[in-house]
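What follows is a group of structures, each given as structure tokens.
Note that subunit A is present in both complexes that follow, paired respectively with subunit B and with subunit C.
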Partner chain A sequence: MLKALQLEPEKCTGCLQCEMACSYENEGVFNPSKSRIKVFNFHDEGRFAPYTCSQCSEAWCLHACPVEAIVINPMTGAKDVLEDVCVGCKVCTIACPFGTVNYNADSGKVIKCDLCGGDPACATACPTGAITYVDAEHTGLARMKAHASQTIPKN
Partner chain B sequence: MKHVVIGAGPSGVVAAETLRKLDASASVTIVGDEPEAPYSRMALPYFLVKQIPEEGTHLRKGANHFAQQRIDIVQDRVTAVDRAAKSLTLASGGKMAYDKLLIATGSRPVAPPIPGMDLPGIFSCWTLADGRAIAQRAKPGAKVLLMGAGFIGCIILEALAQSGADLTVVEMEDRMVPRMMNDTAGNMIKAWCQSHGVHVHTSTRVTGIAKGSAHPFKVDLSTGQQLDADLIVSATGVRPNVEFLDGAGLEVQQGIFINRHMQTNDPDIYAAGDVAQGRDFSTGESSVQAIQPTATEHGQLAARNMAGHTGAVHRGSVNMNVLDTLGLISSSFGLWMGKPGGDSAELVNRERYRYLNLQFDGDTLVGATSLGMTQHVGVIRGLIQTRTRLGKWKDKLLEDPTRLMEAYLASTQAVGFNAALLK
Partner chain C sequence: MAWTGQILRVNLTAGTCVAEPLNREWAALYLGQRGLATKYLAAEIDPKIDALSPANKLIMATGPLTGTMASTGGRYSVITKSPLTGAIACSNSGGFIGNEIKMAGWDMIIFEGKSPKPVYLYLENEKAELHDASHLWGKSAWDTDHHLHNEYQDPLLRIACVGRSAEQGCLYAGVINDLHRAAGRSGVGTVMASKNLKAVAVRGTKGVGNVRDMKAFMQATNAAKAVLSGNPVTGEGLPKLGTQVLMNVINEVGAMPTRNMREVQFEGSNRISAEAMLVPRESDGKPNLVTNAACFGCTIACGRISTIDPKHYTIVNRPQYMGANGGLEYEAAWALGSDTGVDDLDALTFANFICNEDGFDPISFGSTVAAAMELYEIGAITLATTGGIEMKFGSAEALTKAAELVAKGEGFGRDLGLGSKRLCEKYGHPDLSMTVKGQEFPAYDPRGIQGMGLAYATSNRGACHLRGYTVSSEILGVPVKTDPLTTDGKPELVKAFQDATAAVDSSGLCVFTTFAWTLEDIAPQVDAACVGGWTPEKMLEMGERIWNLERKFNIDAGLTAADDTLPKRLLKDAAKTGPAKGKVNELHKMLPHYYEIRGWTADGVPTPDTLNRLSV
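Right, the complex of A and B next:
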């Protein structure tokens, strides 16, 4: 069964362990600015919201790519960026209506969450269970997906 | 059912694949006149600087992709459409029958009416063949003149500058990318390019080109100045490929006029991509957007309608562009120029080349321009296309437009997994 990241902001304390783990796993450095998951800080309310790609089924990024550099990973269902094929044109970064594909100027390519190939480092690192990797049928996820599909009608 | 698609660009290819997915038994044929495997014009700049080989520009990488999908690719040019007989005339002499036809023939560059434009050695950067020719000539140190600093011109500018050429760009309007950037942003891009060694002439026209002695070309500018050039690249505008439709009775304005089912005035003929004049999400009017995301969106929607899924109504495509000029990344979306009576927020930092401009209609975001922004840019599209009511977040954005991502999370995710947190 496919699994997906479940993000529960109400459990997030803003410790940024996920960003550290993500950037280390994927870029080899402890640098939150290179992380594919981001924790947003709502100063006024003293709250935090972790946020990353939901691997939406519309796959706007994949369809916008001019060179077939974004593909569906059959094992995880994630939309993976093939680094050696990506030319760095950035069209996916404006096409993704969730803003979860970002350009990395150092590599000249785009980066996005690929679920670490099925063992997401952010979920492992999260000390409070705000980020979990769960079966895709899980109820909390259904809510996330409902959100994703209601944002932009497909037609 | 026999579906025929004219044009093997992104729009035609996505349409053909979608047709195959929706109708396993239909016959799907693409007629394309370029000699190469279907490729992406967008990838040409990266081919030009040798970042990718020719195959890197191909739309589909699998060698047998189209055969596996049972999509026939015919290399030929359609010279006429006989609507009564439902048949196409091909340049090679044959005829081809269709039940449903998609026209996805794109556009092609037009040369401005300037004396000397017909001299050999002046290129557009539109096809792989152009790409090869330019790559051969844009040597380090070569004096290259680029005519036109529109969106396509600026994309080529990046590649030409990267190849080490001594680059001069001439633009008629008073700033760079005039149809994508306002005065402030367009001139910040100009300043950036100049600080990176590119000679930029705005509010200037090339008035004549002649053979030179020391260099192949001598170029006259409207300012009276004269320049030497080894290579001239022209990016001064395009025209839709519709000539083969002469006499066919299809309605053509800026492009082939289509309704919200991507249909022309002949219900069995559809159009998509750069050749089509379809609905613009922001204005509700029809226009030719000539961008990749719109081309594939059109192609998909046309295919769904051709396959009988007439519920697939086009809500309009958001006009959007992202550009990288020598490392300065810019983007523009929707009504970046604003809507009469709407509020706007602007943040300018000329020293750091940062710019963000948001345009509102009531409390919804309708357009934006950014310079130097690479993170979460896509939410601008998301907010525009969902017409999300920003409520109190609009005022926060007027104060500080950089809080865009917070505004997005607070206003959209509240209906989903963040509901408990942010309602």
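Right, the complex of A and C next:
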């Protein structure tokens, strides 16, 4: 079964535990500036939104890469960056329509979400269930259920 | 480890920023944040100096767990000598500035001297620069934040700054960070402004990684997070209702100070409570509360994000107040509401916005307005004094007008900015000031919660609930239930809470975790992060050390046992209603024994033996 990150912004409190978990998993330090997942604070509206790579099936980043440094992980379906192949040209960061591939100036390579090899640390760390790792075909199920409940006539 | 080992010393007189190594010996004794910065302050300034003179210093300090994945690990404190109380000031704030300072590579920043002209500190990792802030002077905290974000075009820049109230000398101005988190009490913002320091803008991209034993740390922090999420207060009450969950509880036990603490129950409490914040209003069908929000790393998320009724008189044609912003916490709702007799939720929310916008403490402000209302009622001040404001208990218009005047330091706002003690002295009725050591009370009446009377009287920063929150035990039964109406065992209880809180405040964690956590949950997290063998016993002993160091600072500053008291109203006028009806606070039954178990003389002075035992 292919799994995917399910993001439910309405549950997010903006605590950044996901960013710390991500940076710790990937860089060994607590450092939101190196996180592959980002939480955005729409302050005037009182809304928060976690956002990261959704692992497109036809991945723009993968097709754009001139050195084939972005490959599909057969176990997770994630588009992984091969760090020793990446030349840091950043073409993938232009190709990605969502901005979720980013350049890391410290390493000179790009970084993006790789689903932590199938056990995403952000989902484990999220205290409110705003980030979960579920069957890729079911990412809309919770919302469908919530709306479905409204279709039942009230007694 | 977990410390960065670097502190930044900013000499505002000379305009220099110099890195120096952290004093490891002191860190081993005082851990970080509140304790460690107090040690630095006590070692570097004469406690007798004028708090607003260049000789005072101001320290922004993180704890070893600040910037880590420990739940609530984003706290920082501002430590200085208070202009409001003349005692030690230590104000704690969440939001996202503490973690940013830490991730830029600094355990603390010490500001000394006074800049000849307004400046702000720009800190980007090891780069530390003072920049001209003349274009920011005279601007609110919100405008300053907006301006700096625009200037740097960096949405992730974190900013702590003072508003206009601090510049104008309001004695209870705070340091605002992230628009509506505040190191709010005791006038730490007033000290910052007195140094011509407008803001600190920080970008830290180095992260925090030097944890002593990362595996043990993740284990300890995960276990502790599970305790928070499984606890009814931290797992349900606080996220859903915020600290405002307390409003109806405290009113029912008859410990809700009302109308300048004349009464102990407020008839309008259910109109300004957490529950009231959830009721959709008529005008737009939306409730006051938009969402809850977390500070950095916090898995509780008690913060309130609110909007004001678009039809409310306070914001008509004022778009800057129409968006969502920091909403009412219990303390603000109580001080702005119950203590002034105002039950208009939108007026309270507006006054709270103004407190954030221009950076002043809603507790001290609300209590001072309450005192002014009583002075007005007895004719000690008149319309001529107030500039035409009818300062009547229950008047929302008086409250919101007063907030706007204090924000800008205009008219009667200058009197109100003095705080309740100086205001009541100025107009000839010092007994009407509800303060200890010059600082206004928070939201728990000590006639209905006896232990809090002792906690207030002996608090090192003046009346305060965050120095020894025996409400936990006396009302909520955490960790064990005690009878709020008796004084039995309260000296021991107060001491235990004071010491434990001082330890928590030195770690980088939030004291609200202690609704669920004890030092048994906290020590393993600190120990996994730091060298030094941090057991719960060692944490508690450190807390006692910090308490005595603060006490010694205050005594050296000129305070005495005579300052360990409560206003006459709380000692002589019995509660009129509720479970505490007929009770006064029986401080005299608790204080001598408290001094004794503290190892202090009958005059409240730590003995040499006590100071030696604790290596103060």
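Structure notes:
The rule is short, and it goes like this: the second predicted complex is superposed on the first by the 139 of 155 C-alpha atoms of A that agree within 3 Å, B and C clash if a C-alpha of one lies under 4 Å from a C-alpha of the other, contacts with A are read in each partner's own complex, and residues count from 1 in each chain.
The criterion applied here is as follows: a contact is a pair of C-beta atoms (placed from the backbone, for glycine too) under 8 Å apart; a residue touches a chain by one contact, two chains touch by 3 or more.
All values reported here derive from a predicted model rather than from experimental measurement.
Using the contact criterion defined above for the overlaid structures, shared-chain residue A:A64 touches subunit B, although it does not reach subunit C.
When both complexes are overlaid on chain A, the residue A:V85 reaches subunit B alone and has no touch with subunit C.
Contact with subunit C, but none with subunit B, is seen for A:P127 once the two complexes are overlaid on the shared chain. After overlaying the two complexes on the shared chain, residue contacts for A:G14 are found with subunit C alone; subunit B is out of touch.
For subunit A, the partner with contacts to more residues, out of subunit B and subunit C, is B. Of the two partner chains, subunit B and subunit C are each touched by A:R47. Touch criterion met: A:F98 reaches subunit B, while subunit C stays clear of it.
Applying the stated touch rule to the two superposed structures, the overlap between the subunit B and subunit C interfaces on subunit A comprises residues 47.
Interface residues of subunit B facing subunit A in the complex, by the touch rule stated above, are 10, 14, 40, 42-43, 46, 51-52, 56-61, 292-293, 296-297, 300-301, 311-315, 320-322, 324, 327, 329, 331, 333, 374-382, 385-386, 405-406, 408-410, 412-413, 415-422. Note for the complex: subunit A touches subunit B at residues 6-10, 38, 40, 42, 47, 49, 51, 60, 63-64, 66-68, 85, 87-91, 93-105, 140, 143-144, 146-148, 150-153, 155. For subunit C in complex with subunit A, the residues that touch the partner chain are 67-69, 71, 96, 103, 156, 179, 204-209, 225, 229, 239, 290-299, 301, 305-307, 323-325.
Taken in their complex, subunit A has these residues touching subunit C: 13-17, 20-21, 23-24, 27-34, 43-48, 125, 127-128.
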